[in-house]
Structures are given as structure tokens and as C-alpha cells.
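Here it is, the structure, as C-alpha cells.
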Amino acid sequence: MTATYKNDFLKEVEANVEDGQWVKMCMQCGVCAGSCPLGPHWQHSPQKIFMMIRAGKREEVLTSDSMWMCTSCYNCIVRCPRKLPITHIMHGLANYAHRLGLAPKGQPTREIAKLFWDNIVKTGRVNELKFSLAMYFKDGFGQGVKNAMAMQGIGLGLMKAKRLNPMEMLGGHTCKDKGGIHKMIAKAREIEDRRKGLSGH
Amino acid sequence: MADIKYAAYICSGCGIGDKLDVDALEKVATKEGKMAVVKSHPFLCSTEGVDLIKNDIANDGVTHVMIAACSRRAKAEAFTFPDNAVSRANLREGVIWVVAEGSEHDEVRQEMAEDYIRMGCAEIKKMTQPAGNPNKAQSKRIMVVGGGMSGMTAALAAADAGYEVVLIEKTAKLGGFASNLLKRVPFNAPYAEAQPTGVEELASKVSGHAKIKVHLNSTLSETAGAPGRFIAKIAQESGAIAEETVGAIVQATGFTPYDINKLTELGGGQANVVDQAGLEALAKAANSGAIKRADGKEVKSVVFVQCAGQRGSGGNGNGQHLEYCSGHCCATSIKQATYFKDANPDVDTIVMYLDLRVPGMGEDFYRSAQEKGVIFTKAKVNGVSGGLSGEMSCKVNFKDLILDEEATVDADLVVLATGQVANAGVNLDEWTATVTAAESGDAAAVQRKSELQKISVLNLNYRQGPDVPQFKYGFADSHFICFPYETRRTGIYAAGPARRPMDMFQAMEDATGAAMKAIQAVENATHGRAAHPRAWDLSFPKARLEGCTQCKRCTVECPFGAIDEDERRFPLFNEERCRRCGTCMGACPVRVISFENYSCDTVGMQIKAVNVPDEFEEKPRVLILACENDAYPALDMAGIQRLTYSAFVRAIPVRCLGSANTIWITDALNQGYDGVMMMGCKKGDDYQCHFVKGSEMAYYRMSKIDDTLKQLGLEPERVQTHEVAITDNARVARMIDEYVAQLTELGPSPMKGFG
Amino acid sequence: MTAPIATNQTILVVGGGISGMTAALEAAECGKQVLLVEKTPTLGGRTAQLYRYFPKMCHPTCGMEINLKRIRGNPNLRTMTMTQVVAVSGSRGDYKVTLKVSPRYVNENCTACGKCGEAVSAEVADAYNYGLSKVRAAYLPHVMAYPQRYVIDASIVGTPEGEKAKAACPVNAVDLDMKEETIEINVGAVVWATGWRPFDANKIQPYGYDRIANVITSVEFERLADPHGPTGGKLLRPSDGNPAKNVAFIQCAGSRDENYLRHCSRICCMASLKQTQYVREAWGDAGKSTIYYIDIRAIDRFEDFYANVWKDSTVSFVKSKVARIAENEANGNPVLHGVDTEGYHRYATEHDLVVLAVGMEPEVTGVKLPADIVMDSSNFIEGSKDGGMFGAGAASSPLDVNRAVQSATAASLKAIQVIHKNASTEAA
Amino acid sequence: MSKKQYAFYPGCSSQKGASASNFLTSIGVMCEKLDIQLNEIPDWNCCGASIGYGEGGELPRLVLSARNLALAERELPGQEMVSVCPACWLSSRETVDRLHESESLLAETNEALKEAGLTLKNEVKQRHMVEVLIEDIGWEGMKKPVVKPLEGLKFAGYVGCQTNRPFGIAGESFENPQYLDKMVEMVGAEPVKYDQKVTCCGGALAFSEPDKSQAQIRQIVESAYDHGADMIVTPCQLCQANVEIYQSEINKKKGTKFNMPVVYYSQLMTVAYGGDAKQAGLDGQLIRAEQLEKIASKK
């Protein structure tokens, strides 16, 4: 698809993506692209994504798995000569693509991000055991067992080292005011969706 | 010439006394140099030493002073005696610091020193202290040609410094190109928003200024004379001719935008493709409302194409238009893009650039446009099409160099950032060719000549042509990095885009600088002094016309067009135009041109004064004629760094290698010198010569000397011309030793003993 | 020393670089009284430390020779070196200026014969070579130094070394008892030609200037290329003295970067293009230069120079701001990591030497200037509110030499206008 | 002398039986020796960590941190909030900054907090434990309790990302921070010079992109070995976990023989301060730090 070089998509990004209003400030120096530890695995570098947004390449950007490669190392942020909050913009784009349902299906980081969020929202705190198991089984039971077996050594090691508690299966760490937290998060989501004109799901 | 008294003062300090036999030097000065007074002092540059000289001048009638001490480049302040001619024999940097240590060199070292004493004495006998140009020019008025931002700024700058100004503007009102602008690029912090041009304020200041006289609807039909006494004939609308006498000229004739119609590949000439000037007109018409196209359609999308027909093929050009970058266009397009965004943020505004060139604080202006939503795309524009009929929008085909793909964008309007073409008048190379052809009766040339006279800005009645020489691409710029105002016409200074492509801020600064130089020129002219680079030199060329053969070499070769012809076709020197380089002196085959303190004799007698040993002594003698600005300092600094070179050379500084007369070479060879080295500045396109053509001329003349050498039965190697840079300290020392070795190979000059 | 005579008809020029010399000379050659003060022991400033100028590839000292000759020959112009302006009070047309004169420990007697230099053995970092080499503690700042007078480094004053220098001087020029002096003068106008300094490359941490020997700055590279420099003009790299044949030039090192300098320093693109030709001059076709850039800013006819360098087979261009530099510990080569943004190509390239095209920052950054001075966000001097003080040259904006001289010439006239107003009001 | 008091935000991974529980053990002992009193924020919740963005988005994520801030304001008034986990610190600090920058964002946040019966004035200062040590205790103060210098041990100081960027420790370079090496010297050990100090370990992508992050981890461990380190020391839980846990994985896949202990600065200090292996949480190592244990066991 050819670029339209119209502002529509840029405006959409500015309205809906965390720190999206910074995208227009990029001067295409490429320091972010060179600073990213997983750079070689990015189909499009951040600076290129900014250019694509300006060029109106909505679909190519939102369906890309590039931003899902962000490890949150913040190298790009501290080196950007224009002080763009690149890490946040990448997170914002990923989240926006995810909420729109355009992010690549089965993108592992996308899925794990969801699992992790659900895990913490449930009790207010991470339940590492449930989180790990959920990860192993995200691709179905069979794969789950394989994954679990593969990581068994580590699991046992961690348990021996008292850094993984089997008891977590039953409850485990939790906040007292779970209810409050749930309501709070729901409210926050509602407000954000209202602002972005998205329907909550 | 009432009672002249020559005196020699020899310093024995800085180790001179240890390395040389000063008594012997004194004897040389007395016996051979025939100096009436000869004194030596252990610390001549000390107050005491200088007082010794002053006292002899005051009480002992000493009129001419020969100082044998350090280089003329050292202690100049101490050894300046305003009313007395002074020559310097360089015993320190020129002898003891460069001749190898050790007693085995004592003899040659002493011989070298004694020769420099002889030379100093010989030179001073031919020098008189210049008194300045007797017929001093009178006018201190400044004429400014061009009433745009540059011209008005120059006029105001000079007037506020107390100088009367005459301003000539060819149109009916002041303001020039700037009056067509809606706003200007910001001049000061925070560099965020376009600013009012301020052109009206400036115009009213100028027209209201007591010291500024404005001629509107006027052009120059003739400019005659020289700094301090230019006579300008001003052709007015009425057809009447006004005459003004002025002392100096600032040429601020601005630029013309490159013809957009030539840029057909970028849609030039099509209805909805405009240049930056065109856009300013649309923006003004919109008067801060939505910007509309010529056909009245509101512009919802606009594309700016940078470097349109500029930067050869380097920009969005195809190599068929302008080679250079006009500098201002990036910032100007940024400014124009914000016209759209300020009126309506929803207008799609794209700037397509190859290198965005907004130096200095322009970076902040760039940021502010980005904040307003202007999109910048690094792109090579292949073509612009459509936009022919009013309704149709343009298609811009380009390669997005970041996304690395061909793309097309529709736009209601396309703005081409075209370049600045200088209004600098006639190209003198074409002029000379045309005139020569015309004189040989070529009808077309005659026709062309009258056309050129119409194009001319100044219509100078100089023999060398009607305008200031152009440097490159038609701009009347200086070739010198350290001296941006050095046009080759004394007292005439180009400013603004006529000098070099530039933005408004630079143009106004440039105009102020040019006014400064103009003021300086009138001050110098009215004091009978030389202008840069021999600033305040009071000597000036004199010609014994009775000996002149009317060969015209001086008039042709003068780099500054200072010499015209009188009605009897004799050279007519305009001292106020002269820069004192002596190129005319070097050119003159009959040696009738000279300066009071620099002449064929001041140098010739030095050459003759040198004691040339006979062929059996195996002591070759090499004459070095070194440019005083680059080669001679290099020799000096070789000494300061204690590099050594052969004691067989005798160096004489010359004002410019262009002033070297071939007689000096033939005299030297006749006298038995084994070789001559001429050291001048770089020639060619990137010439270094501060007198423009000096070293070029020297090379040319020396290329002709071979026949003379043959007649004398001498090998061509005996005369060499070198380019020497001021940093060549080590190289020059090496060159000397290699040449002396080469000459030893060659054997002594067969001329020895015949001299 | 005795205070120089100065009145409200005097123009004070602060800074003895090319801009200051120009501003002072242009006014003096119009017959105005000018006092030129310079902080260091010699005139010449940063240009005296350059090997060649772009685009002509000529030598800065050539123009300097002319300017020094003009200065030597002009009675209206007085110069004071090792002198700084510490305070300015008053207003347009009538300023009181306090000058601090540091001791040179060498008086006007000095003939630059060099005996003191031969006598001492102590060495100090050679400021002329940006500390890349050492110089005797009794030294001539450089071969073109003006005044042509030695300096005794303060570090040896009061030591036997200092005494050696004193003893060696045949003309009693060494005066170890010199003290810092403060002088008050009155002037009509002030031109600030205080120039620029290279941005501190240590601050650009991703480029490891402080950690990697073979990462140097563009001003240091000028010294390497200069026959008067620490390597006698040979392009040898610091870590092992091996030839630097494959050289990387990193543009916008500090400039156009809100972490360091907001502004573009204008000259760096041309400076690097010029320096690629040093590499060619040194190694011919065996040399290799790579320029890493964001935009090549070769403005007006400088474009010609760019176009020619572009054609040079030994020079290549990468549109990229280098992300970081690592060091190959085996051979000391800097390894550049980044992405060529024209089409997104990742690179990790080794070079013999990396030259950081460091930005220009005003020399007065961090210095307390008169309250009346107006500066922009990068501390470049726009002028003074009362219109009696002016910025000139690189003190007013990041400028190349040609532009700096233009700016200084203009500033000179603005100062003359102030003096003129004084004269005419007094006449009235 | 009176102890310095701080509102303490331990974070999920430091909890009992969680992946960094041993870290918290050593932190406790270290603070004891340095007269630092940590008052745990009652009912604190997860910060959302770096990967929370994917599903959480902007406001919900900010609100999570805001809740902790609000609790600290209410329950431990006047106390600065300290985290030992870079992710916790970063999220909290970012939230504080963002809510300071934007009135509307603060309003929205409070609207959501109301659901949990909380309001935020946003007055709590955010500190990282390392900041507390350097700025409040000072190098001398940290040195004083040292009774068992860790002589002869060589550590590769691995600062990683989030303690260092985007905020970092005041006065430190993003590319070449010094404080960790200084801490190593302070406890009498030797820091090795190596080039992976601030290399990213892959962070949360260790789970989703194991191969890519293990490639990162391999670089780090390899370089530590090449430059003669006995152990790696880090201030970051995620770094510790990733770099320690996956060495066996990498060995399996790449045939390397990695077996380099990865410990926390607090563990070094605890041992140097005379704490035993258990107090230093050395029993929590997957790859046992035997040399440290030896010193710890010395009487």
C-alpha cells in the first residue's frame, strides 16, 4: 500500500497514543534505532515508525510486531536529541494496536503482557507461580507441559532457593482491598476509553 | 633633496654578537655601505637603544636609518620612525638562527651577514620616506546603490556614524524584495515565530534621515573617478541626469529569484506551482485568513520542494540549473509552512528536503514548525505534474529516502524553493571579450556591448570594465576568507545577496559591514593612504611618462583597475584606487614605475650590492625574491624554529611577486648569481595572493624568461618559481638546500666574472 | 603597569581572535581609538589553532600575518594580552570597565631570543595543541605569537626552574615578582568578541571520549594535521601512534541535541568535509573517511566543496546519528554502532580513529557578563539593552571565519556610531 | 542515634517466597546496620512493571502506582518513599512526574482512586534504595560498619537498565555509571572493568522472547568471565533473576559452561558488615556464591 502523506493517522496517534503528540518532533537522526538492544529484531525502527505514521501508514504500523520488541531499557529515551519519550510512545502504540485488535495474533509479548496484567489485577500483586504456569500453558495444554518440563530444573531450583513457593497455588500474596483495586482499575479504564473514544471490552 | 644623512645601527644582542664579527660588519657598513654614522648596540630594541637612534635623528641630522638586527617582522613598533626612511638587515632570523652551528660555518655565516649589511645600505640609499598622495581626494559621502533591506541598512548605518549618504533606487519606492514578504524569519530568541519584516519602519527612517539623500526611479549612467572623488551620473525617470560627488560606494543591488518557468520538471509554469515569492503574495492576499490559490480554491494541502533547481544535482535539481545553495530557503519554507498552520492547523503541510539547512538558532525555528504539525520528509522529488487547470490538484512524485520507496502525494499547491540570482551587473570576462571583438569591428559584439552597458549597475568608466569583478556564479564576492569585503575595486563594496546568497539577517549585518568598509575607504582616500591589505601605506606609484612606451601592460595587469589611459594614451594612475602592490612596476618593461620606498632600484641595488664570489670559491650565490606576506614569514619562522638552510642564499622580501621586474632576474644572472628562487603565493582558482594576480603574473613572466636565459647561455634551472605557503617553514628550508645542491651539481654560472 | 589612556571616545574590544582583531582594526583604521584586550598571552584565538580553512584549504596564519602587520602599524590601536574584563558599569557611551591583568612574568624587554626556554627543563601542557603535547614552562605560545614575547608558566614561579629562566635572560625581561593587577578604564562602547570553545566531549557519554583513546575531537584533529602540531602534521592515532587511515567523522557531536547544545553549530559539517581532505592529503587513495550525519549543512557556495568531496572515492556518507561507540579491546579500534536511516540499515563499523565534530559554545558560557547583556538560549550575545555593547563573531552566533569577520566588521561600525553620538553631543 | 525512617515499597518480587525474597532478607540486615528503618506501606500493590502497558494502557497503569503513593501519603505522612526494585521505583517516579506535569491526568487519577477510597495530593518524594545509601548515608557511612572486607574477590558490577535509565542515580552517566564499582571497592573487593555494565538483559521479554534475551544475557556473562570476574553484582531483581536463572538454559543450548553467581549489592554489604550467609540471603542463590559464603562463615 502506498503512503497517503496526509495527517489523519498522525492526528489519530496524537489523540489516542500515550505521548503520541511527540511523534511529529522526530528529526530522523536514527539514534533510537541504533540504541535498541533488540534492534536487529525490529522490522521497523522507532524513528522509521515515526516516519511511517507521518506518511499515514496506519495498517503497517498498527499490525507491526516491532513495538512489541521493546525491553523498556530506556536507551532511546536518554539518547534522543529531541528528548522524545520513545519508550512510552512504543508502549502506547503497542497498547493502542492491542486495544484495536490489530496487533499481531499470538505475538508472545502481547499475550504475556495480557496474562501478567490479569494476574496482577486479580489480587493486586504478582503471583509468580500462577503467572509462570499461565505462560507455559498459554499455547494449550500439550505445549504447556513441554514448556513446564523444559523449565522444570529452574522451577525446582527456585523452590529449593525458596524463591518460588508452591503454596502460591492456593491464594498466595494478595492485597486486602482487592475490591477497591478492581473498581479503581475499571474506572481508570473507563475514563481512558472515554477519552480515546474506544468502547471498553 | 636637502642634506641626506645615512646611518647604520647594528644590534649585537640575541646572540648576534656571539655568532658574528660585529666590528667587521661595522666596517662593511662604513666602507662599502658608505654610511655616515655607524653604531652598534648590545640591545638595540631597548628604550636606550631606540633613544640612541632618535637622538641621532634629532640632533645629528640623520635622515635615513639602516637597522641591522632582527627581522622586519620583529620589534616593528620599536623601530618605527615616522619621518625617516628605514631599511632592515635581517641578521637574526635571516642569518644566525638559520645558518648551521659550528665554527666550520663561521666564514659563510659572516659573509651572509655582511651581504645583508651591504643590501640594507644599498636599499636605504634608494628609499625616501613617503609623504602620502599630495592631491588628496575630498568627498566623504557614501553612495549606496539599491534601496532594499541591505541598501537601506547600509545607508542608515553610515548616516548614524555621521557620514552623508546618497541612496540610489531604481524603482519608485524603498523596500526592495522584502516589501513583498508577509513576514520574515525570526532574528532573535526564542526563534519560534515569524516576525514582521520591519521594512516600512526602515524605509521611513531612511527617507526621514537628515544625512540621507534618496534618488528614486534612478540608475547610474556613469560612475567616474576614484575613492574620495567618484562622480556619479544619475539617470532619473524624467530623463534628466543628476550628478553627485561621493567618496565610496556600497553596491546592494540584491537578487532575482531563479526563473521558476525554467523548472518545468518540477511543474514550474503550471498554475498551482509557485515559488517562494509567489507564496508570499498568496499569503499576503489571505491577510491571516485561509490561504487561497490563484483560482480562489482554499489550500488544504501544500508541499514545499526544497533546493528546487539548486545544488546542481545534489538537491532537488537535475544539474541544469543553479550549482549552489541559496542558504535562506530552508528557513524561508519553514516560515511559509507556518503561514498555513497558523491560519488552519488542519492543512496538510509537507516540506520535502534533502538536507534541512537551518544553522545556528534556526534549529529552534525548525522545532517550532514541527510543533505546529509541519511534516518534514527527506525526499528526492522526481517530478511535479498536474495543477494546470484551476481545479486540478498537483501530483508530487518523489522518493521517500527514509522509507526507501517511491511515492506520490496530491497537493492543492506546490511551492518550489528556488534560488537567488545575484544582481551584480556585467561579467567582466564577457565584457573584455566583447569589447575586444567590437574593436575589431564585429557587429554582433558592438550590439552586445551596448546591451551589457544597459545591464551594468555602476557603469564605471574604468578601463577594465563597468562593474566590479564577479567571483563565482555571478556574485560580486571576495575571494578571501579573512577579508570578506575585498572586492577588486577599491572603495566599492558589495553587500547582501549581490555579494553572496544570504538571508535577511545576514544581509543586514553584511550591509553594516560594507558601510564600515566604505567609511574606511573615504577616510583613507582623504588622507592619501592606501586601503587594505597595505592599509595606511603612504607610498603610491609614480611613472616617468617620458620613458613610457605605451605598451599598456600596467593598465591591463593592475588587479584593481586603478590605471586608466589619458587622452594621449599614457597610463593614468588613480592613486586612490591603488593598493600599492607594485604589479604595474613588475609589469613595466622600461621600468618607469616606482614607489618612493619601493622601486626597481631599491631591490636592484640590493642585488648588485651582494658580493658574488668567483667560480673557484665554490660558493654559489642564490637570490631569493620572497612575497613579504607568506614566503618571507615562512623563512622567518624557519629561523624562529631554528631550522637551518644554506648560507649561500640572499633573501629579499617583495610586496608581491607580481611586483618583481624581470630586470632583477637578468641583473642577478649577469652578475654571476648561480640561481634565482622566486617564492610567491598559491595561484589558480584557490589563489592565495592578496593582490589577486601577483603570483600568477610572476609565473607568466618567468615562463617567458627562458629565451633570455638561452641568450645568456644559461640552463633554465637557474631560475625557479615556487608556491610557498606561510606554514611552509620546514619545506622552504628543505627547498633551499635541495636547490643549492642541484646548483652545485650544475656547476657555477658561466656568467661569473662577466658581471 | 600604567592604565592605558581611554575615554568615552575609546572603543573596547574584548577578545583577540580573528573577530576581535577585525573589529579593532576596522575601527582603528577609521581613525578611532581602540583598546583590544585578550585573555591569553597572544592574539590569534582559535583560528591560529586551525591547520587549513574551508573551502579554499588555505592557511589561517596567512590572514593573521596581514592583520598583525595592520596592528603593528596602527597607532590608534593598543593591545593588552593576559587581560580579562571582570566588571562593566555605566551605560551606552560611558562605561566604566574593570580589567584584570594576569602576570606574564616577562616584560617588554623580551626579544624572544629563547634563552629562558633553553634554560628550564620543566614542562607544561601545550595549550596551543589542546594539551596533546607538552611545552617548556618558559615558552613562546606559538611561532606567530603576538606580542612576540615569551611567557613564564606560573607553575615554575617561586621554584628553582623559575630562577633558571630569570638567570638565563640576557635583557632582564624575566620578572618573577609580577603580580596580578586590576585596572579601571572608561570607554564609550564595548565589542564582545569573546569567541567560542569546543563543547566538552566528555559529556557525550555514548561516544566514550573519556574512555576510548582513539576517539578525539575535531579541534584536536586540526592539531594532528598541522605541521606545527604534536605529530608534526602526521595523522597518527593516540593509542599506539599507528597511522589513522580509516577515519570516522561524527557530526552533531553535542550540537542539535537538547541533552547538550540546542543549536546547530553551523561550521562542523564543512569542518569535517575539510578534514576528510586531510586524510586524503596524508594517505591518498589508501585513506578512507566516513561521515556520519543528520543533515549536511554546506551552505551557499560551500555546496561546491561538498559536491567535490562527495565525488571523492575515499569519502563515504552515512545518514545516521551514531548511537554509541564501543572499543575493540584487541586493537584499540573504536566500533561505531548505529543505523543508516536511509532505508534502515544497521551497522557496527570499526575505524582506526573517530573524530567528533564537536559543537561551538560561547566562551562566555558560565562567565558573569554585565546584567545589561542580552543573550539567546545558548548564551550567544545578541547585544545590550542600552545599545552600547555588541556581540561580534562567534560570540554572537556559531559562525565560520568569513561570517565572523563580516559580523565583527558590522559590530565595529555599531561601536563607532556610539562614539560618534558622544562626539556630536559633546560638540553641541 | 535515631534511625532514618522511610515509607517502604518492597514490590512483588521481594515478597516472602518470591523470586527476590533473598534480596529483601539482605536489605533488612543491611538497613539494620545502617540505622535505616523501613516502614512497609500497608496493603501496597504491584506497580504494573514494565510490561503492564500491553494490556493496562496509560491511566490504569498510572493509577496502580498512584494507589501506593496515596497510601504512603495517608499512612506514613511526611516519609519519603523508598523502593529496592528498579521497576517499582521507575513506575512510581514516572507517575509522580506525569501527574505533576498534567493537572487533568491527576484529576482523572483521583477520580479512579476514589473508587478505592483514596485521594492523591502527589507530595511524596520517590527514592531508590541506592539513592538513600549514597545521598543520605554517604560513602563514609556505608564504609563504617565494614568488619569483613571482601578481599580478593572480583566483581563485575552489572547496573543494567532501569536503575540507570531514564532517571538514573544523580550525577551518574547513563553509559558508564560508577556507583556500583565504588560500592564494590567500599566493601574491600575489586571491581573489574568490562563493557556490559549497562547492557539490557532482555527484561520482561525473558519470558516472551527467550532466545533474544538469552543472547543478551550470554554477552553479559561472557564479558564478565573474559574480564576475570568471580561474580556479578547488581541492584536489580529482574537483572539478577534473568542473568542467574538462564545460565543453565544457555549452557544447554550453546554448550557454554556458565556458572557465575549473581548477587545483590546488599548481599555484599551484609557479608562485609559481618552478617552470616543466611542473613545475606545467600541460601537464595541458584548458583551458589561460595566465596562469599566462605567469608560470611569466617568468625
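Read from first to last, the chains carry the letters A, B, C and D; within each, the first residue is number 1.
Simple rule for what comes next: a residue touches a chain if its C-beta (ideal position, glycine included) is under 8 Å from a C-beta of that chain, and two chains touch if they have at least 3 such contacts.
If you're wondering where the values come from, they're calculated on a predicted model, not measured in any experiment.
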Common contacts of chain A and chain C, by label, are B, D
Once you count every C-beta pair in contact for both, which comes out on top, A-B or C-D? A-B
How many Å are there between the centre of chain A and the centre of chain B, using C-alpha atoms for each centre? 64
Per the C-alpha centroid definition, the whole-Å distance linking chain B and chain D comes out as 67
Would you kindly tell me how far, in whole Å, the mean C-alpha position of chain D lies from that of chain C? 46
Centroid of chain B to centroid of chain C, CA atoms only: how many Å? 24
Sequence positions of chain D contacting 2 or more other chains: 174
Multi-chain contact sites of chain A, meaning residues that touch two or more partners: 27-28, 47-48, 75, 78-79, 82
Where chain B touches two or more other chains, by residue: 356, 378, 402
Given which chains touch which, is the overall layout a line, a ring, a star, complete, or other? other
Strictly by the criterion at the top, what is the full list of touching chain pairs? A-B, A-C, A-D, B-C, C-D
Which residues of chain D touch chain C in the complex? 173-176, 195
The answer for chain B against chain C in the complex is residues 13-15, 43, 45-46, 70, 74-77, 80, 157-158, 160-162, 188-191, 311-312, 314, 323-327, 353, 355-364, 378, 401-402, 404, 472-473, 475, 477, 479-485, 500-502, 506, 509-510, 512-513, 515-517, 519-520, 523-524, 532-533, 535-536, 629-630, 633, 637, 640-642, 681-682, 686, 688, 690, 725-727, 729-730
Chain A contacts chain C in the complex at 27-35, 39-40, 44-45, 47-48, 75, 78-79, 81-83
Hey, which residues of chain A end up touching chain D in the complex? 18, 37-38, 41, 68-69, 71-75, 77-79, 87, 91-92, 94-95, 98-99, 108-114, 116-118, 120, 124-126, 128, 135, 153-154, 157-158, 161-165, 167-168, 173, 175-177, 180-181, 183-189, 191-192, 195
The residues of chain C that touch chain B in their complex are 18, 25-26, 29-31, 51, 53, 56-67, 69-70, 72-74, 109, 111-114, 140, 143-144, 148, 170-171, 226-228, 256, 262-266, 295-304, 306-307, 310, 319, 341-344, 375-378, 380, 382, 397-399, 401-403, 405-407, 409-410, 412-414, 416-417, 420, 423-424
